[in-house]
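Right after this note come the structures.
Two complexes come next, and they have one chain in common, chain A, joined by chain B in the first and chain C in the second.
Entry: the complex of A and B
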């Protein structure tokens, strides 16, 4: 706001005009960008879900069976008459305003393509109000419990699918041997040592684990008979997750509940894994997803019931699923014309096709997920390593100090190099010189890791720098070595910041196309990559290829569905990062 | 899993847990087993890398899709890189198994392949009618002669439409065409321009969609690309008839296959490398490809090119079988 300048010269008048103009200019600047993005997303969503062909009755049905109960849930959780009044006012007033404004524009200005006033209401009023109410509702206890449960259901499913995807390229048989011979003995030794206070057993855990893993790799070439995949997954993933769930609940003091929290999901998952084949779903994937969904859900439900507050919130998933089912039933029973979304189950599980209806993104999704998983590991290790070294170990003065500054300047400059150049580097270094192959998943992930490395380094440095020096000095004063200080004080304190920076950088990596083009990644593949050295396609590559198909259905529907899929995965990644960060911050 | 969390009261449960773990593992081991390294399927497995012409891309990917559906152990990847880009960057250095081309391989590329010891065989995939398009609003034009087309696109091209033909409006010509890595560009020069060279005063792109967008944005625009795009979007653009001396002929599947649409109907090719044909799954795919080139529904219906005749197919199959035999010796 404008300042009122009352200095020694008396109460002279200062024009507020400049301040007001500035304020509105900055408002305009922020709104312009957001509105443009909003319009883009609205149209992409309409195309992806074929909402342009959604009849008003269809929209109304789902609004009544799905959205209204959800809003009521949020309002119940918020339990605030002001919010309720405001929400109802916005929904009702918005309905009138949007309908009137939309009709007026259509009548006097121009037709608005592919949009009806009902859709406009959905996007302009209903969506923001829902988001606002979800936010307000989540601050009430009931809402927090409900959203917590939804988060575990959705997050667990996403995690399970991601793990299942990784096993497409990583040999589950090696993992089985390494787990059995390395991980289990090491954990057992460690647990024994920790319980009996035998430091030697604890110290032996890591070497034993490493030896086990090496033996596993050697044995993989020798042993030819293995348990079936389903049993491998159950033994190496489901059992430990169930035990983890059991322990978490047992720590809260209830043994029977603990056994139930670990055992019931495990039993359901194993049964589900055996039965899934009958429904055309791969058993091992079903098993993992059921376990990653079931165990956290069971643990969370136990906690909510244990704390006894806001237990009603646990009904939220039932409410949503029930609403969707009732909506589907009504649509079916009364023959309401329903849209035919491009983004459906077939789209994410099928291979690309030359006919738009059958086209799917599955191989590209798998390619992207695998690459991003590798990039996450590589860039996290390299980025954190570099930043810790630069911040904690390199001296700030003297000859080495100027070297540090030189390095610093170069890292900042690297962040500004166009991605095509990194593509060239990847082509020359990884694909040709080191022989990782043209367009393979390894080449792509190494290239993309280099691309985002400067960003991860800089953000991790910022996070480490923001750890107060008092903490370091305090740790030093206790006689801690520099390694102990870094491990116990600096990294835990900086972890949330490091994580945020890394995930933002990963968001950039998953959408990159230019470096992938340079390293010769394929635009279209028909089966998911089955090893790190097989050629792959990534989501942006496939979307780009479709955008140039002659058929209009590809350029609108199929591409839009791809964009939405990419966005959902990106939002999922960012959401995970925010959750982890919040958790780490609370931990501190 | 067991963590550093330490509480002596939980000793028994932890021991129980470990024994349970062991028990479960033993049971698991005793249960159903698999043996590693079982292939499954019909025995064909491996990868097939394909690059090259973006004109052939829709055809190749439609055929590859069907093949991949029948052979799930074969993984096929396709990238539209342009005919020339595919030859020089991927095929002639031995990185791809097939290169699609919308014109025959050129001497420079032959040399490059020979330098790297890459041998290949030429297969005809289909026939395309290179289509000249203008804005649908442009009702003052419906055909061009070959000579008029050349004056628009030659190196020292005319600036305005009335220089092409007197009755055309005095408006600047807005050109959209194929990039110089594209086989369409090479073919256009060969068929229309010959020694007169290609103008550089145009928007060059590898993507038909960009050309279509450009041409539909201006009444005085002109562009050229493969027939498939026009075939799928006949209302978005207006195709010009071409007069090679016998009156204007409009591009269509019929005029292209009968040979009336000259000189712009052209064969499309794919070049498998002989070395790759030595692998059974590549050879099988190449056979399947040649078989499919006469498939009317797929080539004409789904993609928009002229299918090969039975005769051509037989010839191609013979050439292919010879090459496979040579490769697998």
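Entry: the complex of A and C
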């Protein structure tokens, strides 16, 4: 001990004060922002779901029937006594701490509006613990299977709804003809060529497909009788998805299971499509959703059972749905007052209204989804094209090199231009000069694409630049042309990075309001757009309009529900893109 | 000063060419440089080099860093074209044709010449796709799997990877990656394989495997290898060219002659480690 001290003294001491101060200042800065945003989101959630009116009994019931079983599932999957102890400690200790602190603040400082200690506990302790346990649980085999299945159920439903929404605008009849005359022959040729190793058939696939699509567009004006929408969707969407599912399972080597994995969801979807009308649900949408949910789920369930590890995890959806049902029954039987959420089924399926109770976001949701789909395609294609050209094709020196640098600087500057200015450009160029019309979906998509194009280009350039030159030289030395190197080596390697940039840019586009105001988009429309040239509204526009309504129900409840809807769609979209990116990264 | 030196080396080369002719009766020339000068901007990287590289032999290029041996290698498949400031004068003949003629398509040229780099650079694709890359870009319409197997066998990698052809090439060890790159280079069946210090990033065991492999490759291909490792050059090559500072070819002869009885004092100094 004495020698230790002598040694410590012997070397002297180095002051770390400034470093420590800097460390805590940085921490404080990042936490302050997150806390502020967190508090806002908590209040928005409370308003959207009317949780302020939730009785403690109601909260307790659902906590016991829904949250606790889910936590137990995660703990079972993690199968780690330390985690279990820590989670129970946090839940129990948090309960005491939050209750005591909350009561103390209410007693000595001030009343906290629209928040009870139970709600505070829910947001401050229960939600983070649930998220943490979900993360830990997902790393266990059982949890991975369970979350994988949930992902396919939720993701499939979202995908189906998105596809259904797009067909509100894009003519399904053109798609029917193009699919029948273009896609089917092209795929058949390609499959035949690949199987018989006939390169000529493979090469002919794309031209044949293009010719088919052109013929379809021409025929659309000529042919007058078509099968019903249900049959069109069954033939053009359900059948190919079912075949894809059948192929995936068949590749794993079991014929009977493959037929079941493709056939059962197909049958269910077709039946569901025909019966849905009786329940007041649009048949085509029901068919699409059932097939996008059913086939991936069937394929996934087959794989989980085939691998035989963590099959228990497949019970997770049953656990959650069962928990929700039991909770509802108990609440009903007990007769405790339940909250009346603003964000309910009616809100997302109905049109705006002058009364808060009946107000719905449906047209704005459809508008936003269509715009985002178009913006994603446009900005991805243009952004990747421009960045590939700038990075791979433009020389670095000479006159053209200077031109490249000039372009670079200007693109970087474009990213800093206020969005209102882009709105003005859209108004002048797309709405007036090119005549796409004031406030139409096309004008809005083009304007927003221009707005985020600089960000997409810059991030795609970064991604392309980060591909090691070794790989390019390796491909060049094999005798690849510039295009072959770019297509086969550079783009696949840069793809995850390009996708990350596009995700961030799209996140900005979906929330933009100013340019939409400039191009004359309506704040409120009462029916969903039915073509690319019809007037539309977007979610942020509608939220902005409601926020100015005099009635308090609009300003608090309806707006909050809109914000939550916007966030859910945004997170869903980003989540999908992130999943895609991770898959691409793993593919490497 | 530099004039006399360069004329010295020219004389030496002439002497070598004389002795070459005995071997040249059995060996046909695969690649020949004539009065080759290469500049990076104002800097001269290769100074008036003329040499003939025999077919189906291993030719080693040795010399200190910055002596132009890698530049010389990259002149053969015109990879120097990628460097914008690079300027080439003189002829490099491959198959009796000057590769710098205006009617030569460098991309088509590179399809006949394989190249292996210092750092293993497999593509982030499966092992199969890595080897089949050259076939794919050349639109090969035969049995790809058969060629992949043959090339992997040729690169002495088949036994180690035959069960994992669909896993990523990046999952292999450094030495395996380098052999994968060799398999990739020989898959389209080139005539010449250029190797730019192929073992300098590898451990000795992996390096010795590659050395054995190079020996085998010389039965079918002309191998031209740049190396910093004198012992390696002595072990694997049939002919050795010594480049010294300023991009001059100082001596070029049978490897045994270079290592046992070099004509030039500077070469002996370099080989014995007195300078370089």
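The working rule: the second predicted complex is superposed on the first by the 574 of 588 C-alpha atoms of A that agree within 3 Å, B and C clash if a C-alpha of one lies under 4 Å from a C-alpha of the other, contacts with A are read in each partner's own complex, and residues count from 1 in each chain.
Methods note: a residue touches a chain if its C-beta (ideal position, glycine included) is under 8 Å from a C-beta of that chain, and two chains touch if they have at least 3 such contacts.
Remember, it's a predicted structure, so these values are computed and weren't measured experimentally.
*Asks:* Which partner does A:468 reach: the first (chain B), the second (chain C), both, or neither?
*Replies:* A:468 sits against chain C, while chain B stays out of touch.
*Asks:* Thinking of the overlay built on chain A, is A:229 touched by chain B (first), by chain C (second), by both, or by neither?
*Replies:* first
*Asks:* Just checking: does A:219 make contact with chain B only, chain C only, both, or neither of them? Give me first, second, both or neither.
*Replies:* Neither partner.
*Asks:* In this superposed model, does chain C or chain B come into contact with more residues of chain A?
*Replies:* Tallying touched residues of chain A, the top partner is B.
*Asks:* For A:260, is the partner it touches chain B (first), chain C (second), both, or none of the two (neither)?
*Replies:* In the superposition, A:260 contacts neither chain B nor chain C.
*Asks:* For A:320 in the superposed arrangement: first (chain B), second (chain C), both or neither?
*Replies:* It touches nothing on chain B or chain C.
*Asks:* Should A:354 be classified as contacting the first partner (chain B), the second (chain C), both, or neither?
*Replies:* Once the two structures are laid over each other on A, A:354 reaches chain B alone.
*Asks:* Considering only the defined contacts, which chain A positions touch chain C in the complex?
*Replies:* 197, 199, 395-398, 468, 470-471, 473-481, 484, 488-489, 492-493, 588
*Asks:* Which residues of chain A touch chain B once you look at their complex with the stated criterion?
*Replies:* So the residues of chain A in touch with chain B come to 173, 180, 184, 187-188, 190-191, 194-195, 220, 223-232, 234-235, 239-240, 243-244, 246-247, 250-251, 255, 351-355, 438-439, 520-527, 529-530, 534-537, 545, 547-552, 555.
*Asks:* Okay, in this complex, where on chain C does chain A touch?
*Replies:* Touching chain A from chain C are residues 77, 79, 82, 84-85, 107-112, 114-115, 117, 119, 121-125, 133-134, 136-139, 141, 168, 170, 181, 184-185, 188.
*Asks:* Along chain B, where are the residues that touch chain A in the complex?
*Replies:* For this pair, the touching residues of chain B are 1-6, 8, 10-11, 13-14, 17-18, 21, 24-25, 28-29, 31-37, 47, 49, 54, 58, 61-62, 64-65, 68-69, 72, 74-80, 89-90, 95, 207-210, 228-229, 231-233, 302-304.
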